[in-house]
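One chain, subunit A, links the two complexes that follow: it is found with subunit B in the first and with subunit C in the second.
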Partner chain A sequence: MDLQILLLLGQDGITNGAVYALLALALVLVFAVTRVIFIPQGEFVAYGALTLASLQAGKVPGTVWLLLTLGVIVALLDGIKLLRERRYAKLPPLLIFNVGLPLIAAAGLFAIPPTQLPLALQVVISMLLIVPLGPMIYRLAFQPLAGASVLVLLIVSVAVHVALIGLGLLFFGAEGSRTPAFTDLSFELAGTLLQGQTILVVVASALLIIGLYFFFERTIYGKALRATAMNRTGARLMGIPPMLAGKLCFTLAAAIGAFSGILIAPITTIYYDSGFLIGLKGFVGAIIGGLASYPVAALGAILVGLIESYSSFYASAFKEVIVFTLIIPVLLWRSLSTHQIEEEEE
Partner chain B sequence: MKHDHAVILDVRDLTVAYGKVEALHKISLSIRRGEIVTVIGPNGAGKTTLLSALMGLLPTTGEIVYLGHSQGREREVEYLVRHGMTLVPEKRELFAEMSVEDNLLLGAFDRYRTGHRDQMETMDEVFELFPRLEERRSQLAGTLSGGERQMLAMGRALMAKPKLLMLDEPSLGLAPLIIKEIFRIISELKETGVAILLVEQNARAALQIADYGYVLETGEVSLEGPSHDLAADQRVIDVYLGLGHKH
Partner chain C sequence: MKRTMLATLLSTIAATALADINVGVTLSATGPAASLGIPEKNTVDLMPKTIAGQRVNYIVLDDASDTTTAVKNIKKLISESKVDVVIGSTTTPNSLAMIDVAAEGETPMIAMAAAAKIVAPMDEKRKWVFKTPQNDAQMATAIVEHMTNNNIKTASFIGFSDAYGEGWWNEFSKIAEARKIKVVGNERFNRADTSVTGQVLKLMSARPDAILIGGAGTPAALPQKSLKEKGYKGVIYQTHGVANNDFLRVCGKDCEGTVLPAGPVLVAAQLPADSPVKASALAYVSKYEAAYGKGSVSAFGAHAWDASLLLANALPAALKKAQPGTREFRAALREALEQTKDLAGAHGVFNMSAQDHLGLDQRARVMVTVKAGAWSYTK
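Up next, the complex of A and B:
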């Protein structure tokens, strides 16, 4: 194998690895704050990519209906509770976020054919359609179980994953989609062609990671999320409600997922169920980080991307096997070395 | 009955049960503005349970009137924090992997969320009270000594500008000199008008600074009165202040 192929594969690996890193960070975040192992993380990737593809194909994406339905259910559940407790002041924001905005999004889609919009606006609309699903799913599936064990939360997580896959098939059909590249630019580097799209993915991922870093280190809401992950009782006593923390990190996870999907939509064909495998590779990265360390999880995910890329060249048929086998030595090393996250006793 | 605005917390017949086991039985107590009230008693008497119940962490029966409002359905930690009730728990519950400054900042989280932006000024006030914390402001909370941790836990609670500060065993596990320092600060805090509910095993130190005291034994109030009366009570002296007692 010559240098050129080596570089080409490395470029591929880092591109995929950057996306896995984003997902790994989201998984670590969700687990640290809510103890949910978020299997449906990958579905947000597929939903993001396929929603953008639907918009570009001039179709109304089925995710609009999901957003409207979930929004109405959340508004009903929380609205009745607020009415009972006579906390009327909180009703307008509840209705605006869960019913008003989805309705405006849906109306907008029917009023203006999305194909005529510039790409950036299509991306924004896709994000607006997918990201609110995160907190809504948290509200419906996980918030009522806040005190449950990690295992129960995992089972619910699998159920949500299966439901989203099924809905994905319903919304987008069995055919895969690929969106046109965001940019046609390309460069020569050491005799290899460097695709503009690849650079875009890596740069956008890096920017998002830096943004997340600032959010967690510099803003009081980011610190509140970290505090909840460190000490749930302490955080509650500061008036940081676990519910708020949960909603916030599911929103972030959905945003990261949808954004990753939009990033990779032009480089891979995404099917309704592609998200699962992509999410699992992020999960391997998260496991390398012990579901606790953000930098190690991100590096682990990039390693997963590289291994995947090189093994697809040497032993293409075993590509997935090799990647997922990686988890075994990591788990061994993790369980033999000391630090691990214990389940919190209440 | 006309409500006395100086009364911060008024508890009548508070009962807490873990399943069928009653941990607290018909407790009644009240605290006024600028007053230190102490609850003393042996280990396992239900002192921590009492504070957790008042903070809305445990289901209760009986009546709790806080700031003149009878607490019903909305008795949730978040609601109480927003209305100025704070608890410094026995285990301190600090954010170990965060700096002292960030711990303090998060103490003002709910005030920040409700639009207040005075957290830096409040932090300076806390530093005036606990100069040690200012020296350690960028150090991780997990690396602090026991006394500094207690100071940080109290400082973090004060960041919320509380009307009622509840302290659970602030002297636990601390050296005598540090205990003295902590109790000096507690009595200093009284001057700011905050009501303090102090739960302590260290009866001697607690009765010295408190205005009023309750003795809690096996989930019931067995004795109450102004602290100097309690400190002079033969039974209290025998059981809690006697020479054989370690504190």
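Up next, the complex of A and C:
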């Protein structure tokens, strides 16, 4: 094993780790705000990547129909409630967001063949199709149970995961897809070849993480989310609706998921069920951060990426075993070093 | 008088309805093996609805690539649907688990999974089990033969970290050693892996003349793309598990020059005119493409098609001996299947015997090279 291999493995590990880090952040965010262990996080990765791939193949992605269906259901549920409460002013934004925008997106897809669009626009369309799924799933699956125990929320989360996997197979088929690279640039660095795409992944992840930091530190919505994460009841008393916080963090989670999917789609083949394993590795990172600390979670995820990369060189047959066994010492260390945090009383 | 006539008529209808042949199918249309199971399911729709003048009903269940579900399915098919024969399942673990139930229910079963141990060694239980795909050993021999013919001295292996990869590694390392090819590397990767850089670097550091990728479907494209990206110049071999068009689509130009063994159906149109399989393979291809569109055919669906050919060939003999739906009929069908002789299917010529419940020979495999993004027949 020479220096070049060491560097290449490190590069590979950091690239994967950057994506895991994004997912770990999303998982920590969702858990902190809503106490949901968000297993379907990985599905957004697969949906984002495959939606982009089917746009590029000139097909109408099945996610359009999912978006329309969920949108209509949400609009019906909330619309009836608003009508009963005679809050008519809130109706137009509800309809526009849940039905209008998806309809425009769908109509646009049928009117303009997406293959002719530039890549950047295809990415934007894919994000527009996937991101609204986040708040819709929150509204339908988790909002009615907002006060339930972590275990119940976890069970619902597994159910959503299984449903989304099944739909993924229906929409995209069993075979995987790859998208063309965003950039064909490559650099020579210390005798090793650096692919532009891998740099893009790392830079984009870093930028997103910085963006998230400013979102939480500087904006009113970010502060509201942090307040909810720290103390739900307290935040409620300060006039932050928990529903808004939930929807907001699911939107963020879906956006991060879809974005990571689009980032890695050119470097690997994505399948309808690839997301789960990617999400799970992000989850290992989030666990290292105790599902609470953002920087530790991100570092943990990069550690997962690096360990994965080096163990695939030394003992490829045991790669997953090594990565997931990592959880045990981490849990031991965490349970010995930190005091038990009691589940919050509602 | 009228009433008796009506009664006779009704009873005849009832009798014929009872005498329908029921074929139970369990396959993996969802789950990890879905890319194999979906074309098989599509093929079931093309199977003949009447054989030897008898109506044939197909009862299709999905086992989601899950062993427990496959066993549940075959139990249900045998005890509730009273099927005369079971076709399935798609994967080796599922098919192996189904053997006990098929033998217990004395129902013939035709597996669409590859491992030799589904039908060998022959025993009281496997007596009821047949299979249509070629053995891995047969395909591995073809690869090693191609390697020795092309003056390859050292080879490495990278395969799925599951039964498929493990099976291929066992066969390949054994045969390669016997033929004096030095195996210098052995790595594993997962179907869902996003990166195989580590494995690929390790393989390349041993500098083998050729690398065999033991994977199935589009996931097998990942090591190949990484090898090319890192500048590997040797020959890359794949297994017949990649023989569908999605693999070519995902792998793109990185697959040029890849060599693999495959069933003749993959290159049906390019087979020499004297090939005994050409007509039967083309028949399947044209039937499938007529129903599902040009270029949609895959080698996996053809295994299901071969199962139905075996059935159509064996049913007339079994019908002479007993009525469908009875224990005697199932036993007669088993015997008739065992006596299949010179039946040309999409994947080869079947010659079964009491000891050999696969019955394929060298005619069941050809070497294929990827040229200009398409499969090209080489030998």
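As a working rule, the second predicted complex is superposed on the first by the 343 of 346 C-alpha atoms of A that agree within 3 Å, B and C clash if a C-alpha of one lies under 4 Å from a C-alpha of the other, contacts with A are read in each partner's own complex, and residues count from 1 in each chain.
The rule is simple: contacts are C-beta pairs under 8 Å (C-beta built on N, C-alpha and C of every residue); 3 or more make two chains touch, one makes a residue touch a chain.
Predicted model, so just to flag it, every value in this text is computed and none were measured.
Using the contact criterion defined above for the overlaid structures, shared-chain residue A:Arg236 touches subunit B, although it does not reach subunit C. When the two complexes are overlaid on their common chain A, residue A:Gly176 makes contact with subunit C while staying clear of subunit B. By the touch criterion defined above, A:Asp12 reaches subunit C but does not reach subunit B. When the two complexes are overlaid on their common chain A, residue A:Ala141 makes contact with neither subunit B nor subunit C.
By the touch criterion defined above, A:Thr269 lies against subunit C but remains apart from subunit B after alignment on the C-alpha atoms of chain A.
Within the superposed three-chain arrangement, the count of touched residues of subunit A is higher for C, of the candidates subunit B and subunit C. Applying the stated contact rule after C-alpha superposition, one finds that A:Gly166 touches subunit C and leaves subunit B untouched. Of the residues of subunit A, not a single one touches subunit B in one of the two structures and subunit C in the other. Looking at the complex, you find that subunit B touches subunit A at residues 55, 57, 73-74, 77-78, 81-82, 86-87, 89, 91, 93-98, 102, 105-107, 109-110, 112-113, 156, 160. Subunit A makes touch with subunit B in their complex at residues 85, 220, 223-224, 226-227, 230-231, 233-241.
Residues of subunit A that touch subunit C in their complex: 1, 5, 8-9, 12, 15-16, 19, 166, 169, 173-178, 195, 264, 267-269, 271, 273-274, 276-278, 308-314, 316-317, 319-320. Across the complex, subunit C meets subunit A through its residues 30, 32, 34-35, 37-38, 158, 161, 187-190, 192-199, 201-202, 205, 217-219, 221-222, 229-230, 244, 246, 249-250, 252.
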